[in-house]
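Presented sequentially are two complexes of subunit A, the first with subunit B as partner and the second with subunit C.
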Partner chain A sequence: MPLGSVLFAFVVGALICLVTGANPVDAYSGLLCGGIGIACAQGENSALQISNTIVFLTPLITTGVAVALPFRAGLFNIGAEGQLIAGAIACTAIGVKFSGLPSPILLPMVLLGGMAAGALWAGIAGLLKATVGAHEVVTTIMLNYVAQWLLRYLIIGGPLQLREGTSTSLPIGHGARLPTLLPSDNSLIIFGLPASVYRVHTGLLIALAAAAIFAFLLWRTSFGYEIRAVGQSQKAARYAGISVRRTIILTMLIAGAFAGLAGAIQVAGVDHNLTDMYFSDTTGFDAIAVALLGLGSAVGIVVASLLFGALHAGGSIMQSDAGISSNLVLVLQALILFSIAANFVGAIRRGLPFGRASAELPPELPPAAGLMSEAAVPPPEPT
Partner chain B sequence: MSALGDVGQLLLTANLWQAVLAAAVLLLLPALGGVISERSGVVNIAMEGMMLTGAFFAVVADLAWHNAWLATAVAIIAGGLIASIHAVVSIQFRADQIVSGIAINIFAAGLTVFLVNRIYGLQDIGHIGPTEGLPYIDIHGLDQIPFFGKVLFQQNVVVYLALILLVGIHILLFRTRLGLRIRAVGEHPQAADTAGINVFLIRYSAVISSGLLSGLAGAFLAIGVSNTFVPNMTDGRGYIALAAVIFGKWTPFGAFIACLIFGLGQAIYDNNSTIHISPYLLSMLPYILTLVILAGLVGRSTPPAHDGLPYVPGSE
Partner chain C sequence: MRMGHKRLRFVGLIAVAMVLVVACGSSGGGTPAKTFKIGLVTDTGGLNDKSFNHLADVGLEKAKTDFKIQGDVKESKTGADYIPNLTDFASKNYDLVIGVGFLMQQAVGTVSGTFPNIHFAIIDGAGTDANGVDLKHSNVVSLFFKEQDAGAMVGAMAGWLEKNGKSKKNQHVIGAVGGVSIPPVNHYIAGYKWAAKMEDPSIKVLVGYSNNFNDPAKCKSVAKAQIDQQADIVFQVAGGCGLGALQQAGQSGVYGIGVDADQKDADPSVIASALKKVDVATYTAIHNVVQGQFQGGALTFSIANEGAGYAVDNFDLPADLKAELDKVQGQIKSGALTPPADIPA
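So, the complex of A and B:
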């Protein structure tokens, strides 16, 4: 089903291109080139494109986990973006403040600091949900905006600003930086380019470990069982003696830690400072598509991250080579979401005379639907 | 605290409250749409995208035809069209309504910028002429009342329209047979269906109405308050409108009160030149306010019983 949804999105995306006078072949070959390094019109270096895709997919995996885990508890974390920014801010603040410390001390500090900040950000939403029943969709959206404005304040006129007139933070210390996977040595030539241009960094390994931890936590621990029980039915979970409140708060804290880690990895591995690029970052929203497309499994999340990482890396090449706005990628992403959520593919199959009538409605989504009806009622605790 | 003193000074000016009402109306229109949609049982977090779509098409149409009224009509229709996607996906295909809403918002953000580049090339969309926006109208006589005249009767035409819509939608929902049907469909669609009400028709109309209202809000933003289209220019207003719906307990006037509070935060930010504090910190105000309000109030409000649940004919 996920593959069909992606196909559906590309077909409709091609139609949108045709209607607006853009050439879909140019658009998609641009995406292919920027995404996986094939069909390059301007002779771009394939290895470099693949490296860029991996850089994009790294934070997507961790934020994908940050959305997928609450999904299992019936919670909709739209706030991964804000949690990511909180993590990036904490990582930068610590990395700037203690820039003199050696890597074995400072690197764990910035990564853990990022996780703590993300957990705090998501924890607010979890706490509000568990105590007064404030819907996490609304609270996490608000927290996204608070994080974005806090970021602007900090790097424009605030304490992290590089110097007057810039919208960039001070750089983090060398000890706070994640090493690249390839040696940063200009004399070493890999695939025709000096090794230092490849930005692929060890954050990828951390992200893959995060996906593995997610799977372990969900399926091999009693807390994972509690998360799934709460997601299936709060009432049944309560009868089984599970504290729904505790599960909600802990789930959000852990999810926020994953998203915060994504932000910390992005700063420590790629950017080494905060820039205004973080204002328009959409990783946390892409993560929703990643979690849905990956059907909430660790492997699925990694594969879906690869797809969206490739799309985003491809978008910029499509824009520069074919002159088609990289925003087409957002359109494709929305189409994929529509298609997964509505199971268009199943409907099309049923409508075709030779189609198999196997696909069923409603689609197999994590149990987030119907939340609004429970939204306003705080989960009561047994006394 | 000089910053607090500055805000206090600001609060005494009619200019500020005039801006508060205008900012509140920008939120009220999508919020009214949200109230109608959610009362019929369809969760709508897509007002943001519908409003953005309206804003974009208002500017495109105004640049093409130099007529604000025509442009507003186009924006309203565009809002309705994009809302119908949400309707089809979540009513017909019974998709998760939150996912569908997010998809609408991403779709609108991507499509508008994509289209700017298709139509105008990789540059700015351009500005509409000074006389081609939605007009500000002073109500003759009443606008001379000290303080209140400026606040209430020197406003954009959309502000007056929105206040009329506020009263109208309140009456529609709570004083007419159609309103009773809309609420019945949101509370208990099975019972409504048994009573001969067309659940799908009501829900489709309600969701599309939310698009029409959000489209109007987009037009007000783009060719009333502003004079151009900027990517993501709605800046979360659709989401704040959603919070206003919840804070207002799914009623038009309740939502309006919430919109006024958020509008106050927005207006203080917009008039920040007299306040000695980072405008970026001030910008957080409406969002933090939302959180505080939600923390204090939501537990005591109850949404329509079947809000968010797709209706499957024949189910129990």
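So, the complex of A and C:
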């Protein structure tokens, strides 16, 4: 199904290229070059392209997890962006305030601080859902705006502003920065370019670990079982003695922590300060597509992040090499999401969560679990 | 565009072949005419921003026609794209990499440090470190503007209208709505106030700041306050926020003046715009590289080198006002008049 969605998007994308007078072969070879460093037309450095893709995909993995986990509990977290921003803010605030501390102390502080802030941000939505039943789609979307405007205040006129007239924050201390995998050295030449152009940082390893933790939590712990049970049917879960409220709140807290971690990693690993780039950041929204395309599984999310990271990085090469607007990438992403959503709707109608065929249902669940889903329209017949 | 690209790739292949031939020990043959490669990186506004990015592209297109260069554009989708976009051009040994706008200052500072042999230009900014300090890399040229020149032209227009009773209320009061009190904003207002007073010594110039560059509502309320104090010409110097000031001018039935790019479409009340000619600056930077005259540091664009000016918008300029503006422009150009950089008392 996901492969079909991607294929569909690229075929329609090619048609759009043809209709607008561009050559789809040029477009896709540009994307391939910028994404994974092959088929480069203008002597681009392959290692640099791969490095850029990895930098882009790193936050997508953790935010993808932050969307996928609530999906399993039947919650739609559209607030990963706001949670990411909350994490980035906390990471920066701590990294600036305690900039003198050494790395072994400060780095865990900023990462955990980012996770806590993201958890808090998502926890608000979880608490509202569990207590007064406010729909998480609405509250998480709204909290995105709150986070964005909070950020805007903090770096324009607020306490984190570098100085009057700027729209950036103070830089975080060196102890708060994640090291890059290659030395950030202009004089060292690796793969033909100064080593500092390769910005891949240790945050990648943290993100991969986060994906593994997500899989473990979901499939190897009793809490993971509770999440899935609540996602299948709240009534059945309650009947089985699971506290639905507690599960909803905890799920959102954990999801927020993952998204907050993405923001903290981005600041600690790449940016080293908060800038107005977060006003135009879309990571938390791309994460929704990543989670859906990855079918909510850890491996799927990593693979889907690779695709979206490659598309993001590839767009700029496509534009400068083939003269095709990098907006085509947005079109492709939208087409992927669209075709997934189309299947998604069908899957919901059939009472199957997340478009998984019934054969792929978690083995621990009895085969009839799908029938217990509240999404299945007909109420269970009395027997 | 595709054809041109293919042709360029063909030229590139030939160039590579020739280099190989030369490298293989042959010392004969002249060097082929070099095709200069220029890379333009927009900020997140994209090419259709009707402002700096668009004008920079106009300058690039003109240079492509005039100098037969290869000009490639990358639109930044988010701020995270600045460094990879600049780096890609630099890593391919482009002859000049242009960043549009002060949002890219830090990215240009970083990448120009990594590639000390590649030339960079940045509109309205410098290559800075994370603390906003100019790194003064010798391979970076900053393209700055004398905003006070452009401000003086629209200020002279406003002052003349007040003096001759050709404005809406004719109370000898005009206003300027600034975004934040920072040098580029104050340069505009300085020229505006100075020239308005030169035309109409009895004029009162109200200056207010919205402390914002994005939210039109904030500038709207600042403009409203000025109009309530009898101002009948409002000059916006606040980017996207200032569009609110122009709308308020329209709603209150007074005149508005746009800034940076020609804003005649922003509101029917806009009678003129103070211009930063980013297209001229971009073209000049490319020209310098093609002529082998690149120099790090700063280039300043003003009325004297046609890099700043004004546009008359939804307004029929009376002949005697036109003559007056031409006179003022000529005097600024010749140096007989020098608009101040600081707002006069």
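Details
The rule is short, and it goes like this: the second predicted complex is superposed on the first by the 339 of 383 C-alpha atoms of A that agree within 3 Å, B and C clash if a C-alpha of one lies under 4 Å from a C-alpha of the other, contacts with A are read in each partner's own complex, and residues count from 1 in each chain.
The criterion applied here is as follows: contacts are C-beta pairs under 8 Å (C-beta built on N, C-alpha and C of every residue); 3 or more make two chains touch, one makes a residue touch a chain.
Since the structure is predicted, the reported quantities are computational estimates derived from the model, not experimental observations.
Using the contact criterion defined above for the overlaid structures, shared-chain residue A:Leu182 touches neither subunit B nor subunit C, since it reaches no partner. In the superposition on chain A, A:Asp281 makes contact with subunit C only, not with subunit B. When the shared chain is aligned, subunit C comes close enough to touch A:Asn52, but subunit B does not. Within the superposed three-chain model, A:Ser325 lies in touch with subunit B and with subunit C [touch as defined at top]. In the superposed pair of complexes, A:Pro171 makes contact with subunit C only, with no contact to subunit B.
Once chain A of one complex is fitted onto chain A of the other, the partner contacts of A:Gly315 are limited to subunit C, with no touch recorded for subunit B. In the superposition on chain A, A:Ser196 contacts subunit C only, with no contact to subunit B. Using the contact criterion defined above for the overlaid structures, shared-chain residue A:Gln42 touches subunit C, although it does not reach subunit B.
Contact with both subunit B and subunit C is seen for A:Ala22 once the two complexes are overlaid on the shared chain.
Residues 21-22, 156-157, 323, 325, 327, 329-330 of subunit A contact both subunit B in one complex and subunit C in the other. Partner subunit A is touched in their complex by these residues of subunit C: 1-2, 5, 9, 12, 39, 44, 72-85, 87-89, 91-92, 103, 106, 113-116, 130-132, 180-183, 211-212. Residues 21-23, 26, 41-45, 48, 52, 55-56, 156-157, 162-168, 170-171, 186, 193-194, 196-197, 199, 270-273, 275-278, 280-282, 312-313, 315-317, 319-323, 325-327, 329-330 of subunit A are the ones that touch subunit C when the two sit in their complex.
Contact residues of subunit A toward subunit B in the complex are 16, 20-22, 76, 78, 124, 128, 132-135, 137-139, 141-143, 145-146, 149-150, 152-153, 156-158, 285, 288, 292, 323-325, 327-331, 333-335, 337-338, 340-344, 347, 361-363, 365, 368-373, 375-378. Residues of subunit B that touch subunit A in their complex: 38, 43, 45, 85, 89-90, 93-100, 102-104, 106-107, 109-111, 113-118, 122, 236, 239, 242-243, 246, 278, 280-281, 283-284, 287-288, 290-291, 294-296, 298-299, 301-303, 305-310.
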